[in-house]
Amino acid sequence: MKLFEYQAKELFEQIEIPVPNRTFIKGLEGMAEAAGQIGFPCVLKAQVLQGGRGKAGLIKLVSNIEEASNQAESIFSKAKNMSGLLIEEAIQIEKELYVSITADPVTGKAMMMACSEGGMDIEEIAKDIPERIHKIYIDLSKGIQPYQVRGLLYEMGIDEKLIGQGTKILQDLYNVFRTYEAELVEINPLIVTKDGKLIAGDGKVSIDDNALFRHPQFKATEAYYENDAEYEAAEEGIPYIQFDGEIGLMCAGAGLTNTVFDLVNDYGGKVANYLEFGGPNYRKAKKAMDIMMKNDIKILLIVTFGTIARADVMAEGIVEAIKELNPPFPIVAAIRGTGEEKAHELLRSAGIEPLIDTEEAVKKAIALSGGVKQ
Amino acid sequence: MKLFEYQAKELFEQIEIPVPNRTFIKGLEGMAEAAGQIGFPCVLKAQVLQGGRGKAGLIKLVSNIEEASNQAESIFSKAKNMSGLLIEEAIQIEKELYVSITADPVTGKAMMMACSEGGMDIEEIAKDIPERIHKIYIDLSKGIQPYQVRGLLYEMGIDEKLIGQGTKILQDLYNVFRTYEAELVEINPLIVTKDGKLIAGDGKVSIDDNALFRHPQFKATEAYYENDAEYEAAEEGIPYIQFDGEIGLMCAGAGLTNTVFDLVNDYGGKVANYLEFGGPNYRKAKKAMDIMMKNDIKILLIVTFGTIARADVMAEGIVEAIKELNPPFPIVAAIRGTGEEKAHELLRSAGIEPLIDTEEAVKKAIALSGGVKQ
Amino acid sequence: MSIILDQFTRVLVQGITGKEGSFWTKHMIDYGTNVVAGVTPGREGQYAAGVPVFHTVERAVRNIPVDASLLFVPPRFAKEALFEALDAGIKKVVILCDGIPLHDALQMRKAAIDAGAMVIGGNTSGIISMGQAMMGFFPYWLERVYRPGRIGIMTRSGSLTNEVTAEVVRAGFGASSLIGIGGDPVPLTRFAEVLPLFQADPNTDAVVLIGELGGTMEEEVAEAIEKKIFTKPLVAFLGGRTAPKGKKMGHAGAIITAGKGTVQDKMLALRNAGALVAERPRQVGTLLESILTSKI
Amino acid sequence: MSIILDQFTRVLVQGITGKEGSFWTKHMIDYGTNVVAGVTPGREGQYAAGVPVFHTVERAVRNIPVDASLLFVPPRFAKEALFEALDAGIKKVVILCDGIPLHDALQMRKAAIDAGAMVIGGNTSGIISMGQAMMGFFPYWLERVYRPGRIGIMTRSGSLTNEVTAEVVRAGFGASSLIGIGGDPVPLTRFAEVLPLFQADPNTDAVVLIGELGGTMEEEVAEAIEKKIFTKPLVAFLGGRTAPKGKKMGHAGAIITAGKGTVQDKMLALRNAGALVAERPRQVGTLLESILTSKI
């Protein structure tokens, strides 16, 4: 679960990582007062989860109240899935650094990555100046050691005056990572101010969904999702991603769903969505169908090959969903695995010809969706 | 630093280990009210650091207010170094268990020791029923694991109904051990009540002196020491223990002091005290002499063989102390090691014949103290 | 004709008295698995699926020799259960559950490395040595998938494994061992760590790798081939070739981040190392046919 | 004619620019010790006692090969400094400071075991290989104590070591290596772990053990003798034979608890194993004379 910048900065502040003075507002009301409190110049930052806010015009430096009002209005009108606006003091920047912590699956340790050139995307950094990215690995059971952090800072060539502050901030960032069981924490840029202080210019925190039961304070609302269908699916625990094609996928198993996704693309079709109702969701065919119907699809392609996710149970759910929801699109189904004979009988009873072969099913769906696209 | 029972139980309570209802009073005032609140029968327990309180008549079960007043008065008059009185509800005991945690120097782990027969001293348990003591070892970096505790409880043959409670209490006890950096935590007895609950009947916590800088809430007052001299020495960081002989030891180095202690005993002398002014205290000869003078000794025996604890510096301190404090006892000194030539000069200047040989010094001190004792 | 597990491997089941645990333990025994004991705290003295149950793993192994443990526990207890197994000296563990917290998984991976243990999972159906034994849940009754043979299979997926293995069987082959390393971002054993076992197994002629987007495990396999750690033929199929960046496509481990983890990169690395890479599941069978002369 | 340390051992000093660190580093170099580098954060590029200083241990060892590290750090930083040395791959470490918190010491002991490193200390003067090199602070100019020879010495004490070693010298012998394992309750290397090194050293004819009350280290030595892990003559002297129970007699490690740790028990165990046990320091010399034919 990705947090918004304003939430990340709240966590930072609690754990004593320096952050700019700022106010978070949900709507345009109170804007003038908030900006006045922060003072000018200040920065307006749309609180959305996607990256590239600068380029999208969702971050604006403003130097008076009129400018602030105009820009805030423009941001609120432009941004989708915005949880609010962060109004933040403008920091005098000397230099920008990068630092993040993620999991390293090979060693089973946390990996802290830092670069003396921050501000840009880590992908760009990795491409342009990989030799300037420095890493340390932290054994969770031992915790982060000050000497590791000092070593990292010295490798980055940080000014001696900043070593003390930097050591504390990086240790605190690790505390954020551990305390909230994050999969990613990032400060980019970590700003060196003109007066020689370090301060978190931005903040990313992504909490591990599997650990949310231990952190009930984090609860994803609609603002966290790109659209209602994704939110609704997430509430049900059903993996669902929306695209702009015609063929709706309702498959079981992540690997198989990805494979069908590839096959549709290979054979010239266009995918309307990724939906998985296997694993623990194999009894949720009706709910899955309901979500599919929120999207404008031309054809529904169902492909499964289940073990515990029994074919007969899934087929039963699908037949029931068809009866109750009366979906407006045709259905192509290749349902295999445990109980497949019974599954096929059930499909036939609902007027669906059961297929055995995945490629055949994909091709049929593409044909029914209007044939190969350019 | 050993804590009093009432302090240990406060720590237990904070960390949610069940403890009896109780009130701590410093003097006889408020006794009646306190006992009334707890109700009768209740137990009066002298808050002293030494063991064997039961046998010494420092723990009394009382069943009414008159008995309570009489016994409390008697306890207050009997006990030395008593910080106060704990008035505690009387628990209906079904069975008594033993559990403790200490450091295991061999493995570098914490060792939890438990026995289904509690109430008596661990020394007695170890002697009488060693086969019923069960142990688990806890890697501090991983922390205590519930399965370890369950395993321990099953080995003890604990009733299945108590496993859940017991697991929590033992994990919590480990949290006390870690949180306060204890060298020992002990619940003895851990009482199984008639109504099937576990509750800490007594509590011992000893905090590692070397870690006290991280736990400034613990501060030893005079009540923690057997006499004023020991308290004063502790305040100075000088190891000092008082005995009832005639020869005062003022030596440098723990091993050498112990050896001199043995030699005095071997040759028929009696030691008045153990005092070490080596290591970081080698400049504290005057303070050490001052402490010696609080005790009624017949002769002062000084033995050192120092490296960093320079002989000349120590001799200088001794000569200065003699001048300023004018001690009423003769002094025998074997001061060797770094700077010994200069040390010997200094001693001679103060009228003390410097000796080279430890055994010779011991024998001379015994002779001067009045010869061999029976 | 197998790795890690065969019909002699003495298997312990942690969480044996649970619904899933007891159901699949029966199936495992039916298939030929040598399940010797189970663990559920508070149930010592009872029997489940015909095997004795103990309070703790330590008490079980003190009474009955055990080679491997299978964990039927909810994800939030997986870490503790693994530590318990490792502490008792068990060197092979299979963890099935989906949803192990990431920070737990990191500590588990570290503990497994430190203990020198092979821990398979989580988020997997487990492992099966065809015709001999299984630890996990496989519909072994589906003959068109679960057929003994001489192809080693290792996979990050569940349903996709059935899909691909069916193609292996359709082409006339069968499997020696199938190792489901699971779909988590921190699998406790990595593809490249399974390869030496297949390399050493005289009954495995070739390996089929079923991978997907995310992580670097497929690249590590390419490296193992380049370093001649693995020299048998390897056929790979990877799902998610056309997946967009930055989206979690199903498995938590299946995400392209910081420009890393694309299937294109993985396919290129594998091809450069000399592996055969299938574009579609069907091709896995035809590629095997093209390189192997004897079937099964 | 030494163990652990000789004149070729490349020594790093952590905390080299401190007052004690720089003072004793000069003495160490004067004595012949091959001190090659030092570490003090923020001082890289400077020199101390003539050797280059680095910000971190890792940066030091990347530039200069190091065999052993000596820690001149306050007790509260000892754990971190040790972890830093071990992380940089250093396998021999000497820690001098007195007052390491107990829970830190436990973690340090565990880390040393896991790393397969020999970590000596804390609360010690260090180690000295006579006439060759020293890590720590020894008044090597006292000829009546610090004389090269063929007797290995291992000790829990400081001043008592001078006392006893003077008796060894008075009897006409000298020392090969003197290993101060220190007086803490959790010494990071135990007596029994030093013995195999003295056993293997062709220049050590016999070992003098200087022990005291508390703990079980002397009993472990008795066990090592019984198990023939150590077969050379061993003479032991233990302080605190008449110490009362339950009192901390000086060293934190010197306490008799739960009936364990009495010097009587230790002396009995050593005697039963075949060691010679001196009642007084003077006897150490006479016992050595009684068993060894050639001196020095």
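We call the chains A, B, C and D, going by the order they appear; numbering starts again at 1 in every chain.
By our rule, contacts are C-beta pairs under 8 Å (C-beta built on N, C-alpha and C of every residue); 3 or more make two chains touch, one makes a residue touch a chain.
Keep in mind that what you see is a predicted model, and the values were worked out from it rather than measured.
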*Chains touching chain A and chain C alike, please list them.*
B
*Report back the single chain whose CA centre is most distant from the CA centre of chain D.*
A
*Which integer distance in Å separates the CA centroid of chain A from that of chain D?*
56
*Geometric centre distance via CA averages, chain D-chain C, whole Å*: 49
*asked:* Give the residues of chain C touching no fewer than two other chains, as numbers and ranges.
replied: 111
_Give the residues of chain A touching no fewer than two other chains, as numbers and ranges._
141-142
*Just say which it is for the chain contacts: an open line, a closed ring, a star, complete, or other.*
other
*Set of all touching chain pairs, with the criterion as stated earlier*: A-B, A-C, A-D, B-C, B-D
*In the complex of these two chains, what residues of chain A are touching chain C?*
103-110, 122-123, 126-127, 139-141, 178, 181, 183, 208-211, 213-214, 239, 241, 243, 251-259, 261-263, 265-266, 274, 276, 278-280, 304-309, 336-338, 358-359
*Across the complex, what residues on chain C touch chain A?*
75-76, 98-113, 125, 137-139, 142, 155-163, 166, 183, 185-187, 190, 210, 212-213, 215-216, 239-244, 247-254, 258-259, 279-282
*Tell me, which parts of chain D touch chain A in their complex?*
41-42, 44, 55-59, 80-81, 83-84, 87, 111
_chain C partner contacts - residues on chain B that touch it in the complex_ = 142, 145-148, 150-151, 154, 160, 163
_Interfacial residue positions of chain B with respect to chain A in the complex_ = 141-142
